[in-house]
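Across the two complexes that follow, chain A remains constant while its partner is chain B and subsequently chain C.
After this line comes the complex of A and B, so read on.
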């Protein structure tokens, strides 16, 4: 699971959706892998406004990445290739291959195996 | 400027919405000036040659695009129109290597007659040289006859002479050949429900897949739609309630990723995850540029969502002191679900998850019986852009494309049937679609479905 995806998902339990504590989900025992991909600055520029920046900072911190700037890069900074490359590396080239994603609201843990997260819920949480 | 589009004579109801979508992707205005579902020839207005090239090169159902030099119901009219439109331009082509082609729809001419037709344009004064291989310019005469399909559909009579003739100059070919590249027969990872290459690519076009965009399929399966969207440059994600469908059987390999690898578009793949649309983990905010999907409707694959079947209480089962859902190998229970309820869920999901002007292209089945035809699902935040139909013998499927309206703008859904989920618990009770077809005629029970060909399928080209 890529860091980008982690920024777009929250707890699947319906009652958690309204609680701020359910986002972002928190990584536990995460095993990381880096994979070099074709640089796609166009995508980063398009997707950045939809990224929840405080949540990304939390996730990056949990995964042991160097601290991100406090505020989301905007305007001229989106023309800076190094800024876009750093974001590309974090959002698209970094995967969590094994580990767990936990909701801070209900405590439910979603497992990640071979890079695939499982968001199915047992019937008492549906 | 007027251009002539030569369509493939197949999937007729998809052709206009697709070319309009291709124009939207290219950012150009297109006016369709004349269109006939029984003919491959269509005249459009586009700003310039670059626009014509851009639109055609994105289209699957277009074969090629031409600059229109003249049209008429017979050669007399055609020649007069050619003189009127292009006489001032003939000098520009006087010494250019060229060739003349004749294309017929549903007709043919003898070699001798062909020669006569080509010679009849000698007043344009092209000196050539004539070059059959790699000419600089190609001039095409197109003759449109009345096809048997139209004869039987409209009761018109067949004619010996063409009803319409065009002269045009070729500009560009489409990307129709990409269908062969994505042919399911040559794809590494597929299953029984993989959508064929042509319709997948068309679906991605309708939803305006393009570089820089984020696309999602909530019923991703083996990935037919997101592969097509990624072919056009979008980065894609997929979810599926059954993780095996995108993972495949080989351990250590992700089936769907093998396909992205095969086509050289690995960098367009983001993630797949196991999830149920009715309990989706996606954040409730506009993050997606496009959704492409073929929701399960209980024809080939049973329709299931998370939850217990009727009568079984939802409790946290503890086995040996450990909650059952935390034990390895736990499979969450699933229950049958109504097709129409699922469609409402899909529309609500799209309204929440699409950015403004983002599109969803969704397939849904219907019967060919007008009395039982299913209403097109509607949502007040979604505007219907187009509806196309692929007919089969006893049923059809539609591709419906929606656009997410800006906040504060609502679409007219007063015509939508206000319908709640069907009452019942079994798949048959929950799905009107299964009820309306008598058991004896059920294609999915008799194995007939997979052999059923679209009624008017005339092959690839």
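After this line comes the complex of A and C, so read on.
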């Protein structure tokens, strides 16, 4: 599971969707892998406006990455190749291969196995 | 004890378990996106973020690398096959309980999926769940578009030969070839003309375009504006 993906998933439990505590989900016992992917600066520039920056900061912090700037890079920063490369590496090349994603609202934990997070709910949570 | 009543347990047995079994062979027979799906995905602005709900082997993830798609499937075996399509991502999820926030996405597609839900209420709920995830229509901006395909009842020129008036709820055989061929049966609800559009309306959506392609009914819809609560 890519770090970028964590920015676009939340708890599958219906009642959690209205709670701010359900996003982002929190990584536990995460095992990370880097997988090289061709660097496309345009892709990073285009996707950046769609990213929830505070949530990404939380995720990056939990995964042990250096602290991200407080605000989303914009303007001249988007011309800086190193900034875009760092984001490319974090968002697209960093994968969580094993671990758990926990909802801070209901406490449910979703497992990640071999790079795939499983959001199917046990029957009592549906 | 096998469940004969339509609903979740019935789909578990007659849809989900079958796809887990046939995933490899099914995937080997699905390699080309349908033209309208391809056109829809190619027309998205770069940087759009969307969903492919019931992505199967991920054949529709090959179309556009300038957008980001969070694909999902109920079958872990299929999700695993879909995982390889960069720059996208794949998770295991249920169409009725999608792990996504409201109004977060620019588009969603669901190709040949909703016809596996076995009650009218569950089919409408599936459409509503996808409409929930895209940004709704507003006064300044058109909402995120949802493209849905479902198998048509009217397909008299196909090898199945069904047509208007025939039984709509069916078990359809899948023959897994190999040293020991084995036949599996999947549940389908075949959509009659106009039914998909009706389901979308009942789910709180507005149909922008709809039509028929390759024995399927398709529709592109947006979510109606949120509750008319104005200050």
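In this section, the second predicted complex is superposed on the first by the 126 of 126 C-alpha atoms of A that agree within 3 Å, B and C clash if a C-alpha of one lies under 4 Å from a C-alpha of the other, contacts with A are read in each partner's own complex, and residues count from 1 in each chain.
The working rule: contacts are C-beta pairs under 8 Å (C-beta built on N, C-alpha and C of every residue); 3 or more make two chains touch, one makes a residue touch a chain.
None of these values were measured; they are calculated from a predicted model.
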Combined model on chain A: chain C and chain B, fit or clash: clash
Touching partner for A:1 - first (chain B), second (chain C), both, neither: both
Chain B versus chain C as contact partner of A:37, first or second or both or neither: both
First, second, both or neither for A:122, with chain B first and chain C second: first
Chain B versus chain C as contact partner of A:9, first or second or both or neither: both
Partner chain in contact with A:17 - chain B first, chain C second, else both or neither: both
Touching partner for A:46 - first (chain B), second (chain C), both, neither: both
On chain A, the residue positions that both chain B and chain C contact, one per complex: 1-2, 4-5, 8-14, 17, 23, 37, 40, 42-43, 45-47, 50, 92, 110, 114-121, 126
Complex contacts: residues of chain A adjacent to chain C: 1-2, 4-5, 8-14, 17, 23, 37, 40, 42-43, 45-50, 92, 110, 114-121, 126
Chain A partner contacts - residues on chain C that touch it in the complex: 8, 46-49, 65-66, 68, 70, 72, 74, 76, 79-80, 83, 86-87, 89-94, 96-102, 104-106
Contacting residues of chain B [partner chain A, same complex]: 211-214, 235, 237, 239, 241, 243, 247, 252, 254, 266-267, 270-276, 279-287, 289, 306-308, 312, 314-317, 323-326, 330, 332-333, 355
Residues of chain A that touch chain B when the two form their complex: 1-2, 4-5, 8-14, 17, 23, 37-38, 40, 42-43, 45-47, 50, 52, 92, 109-110, 114-124, 126
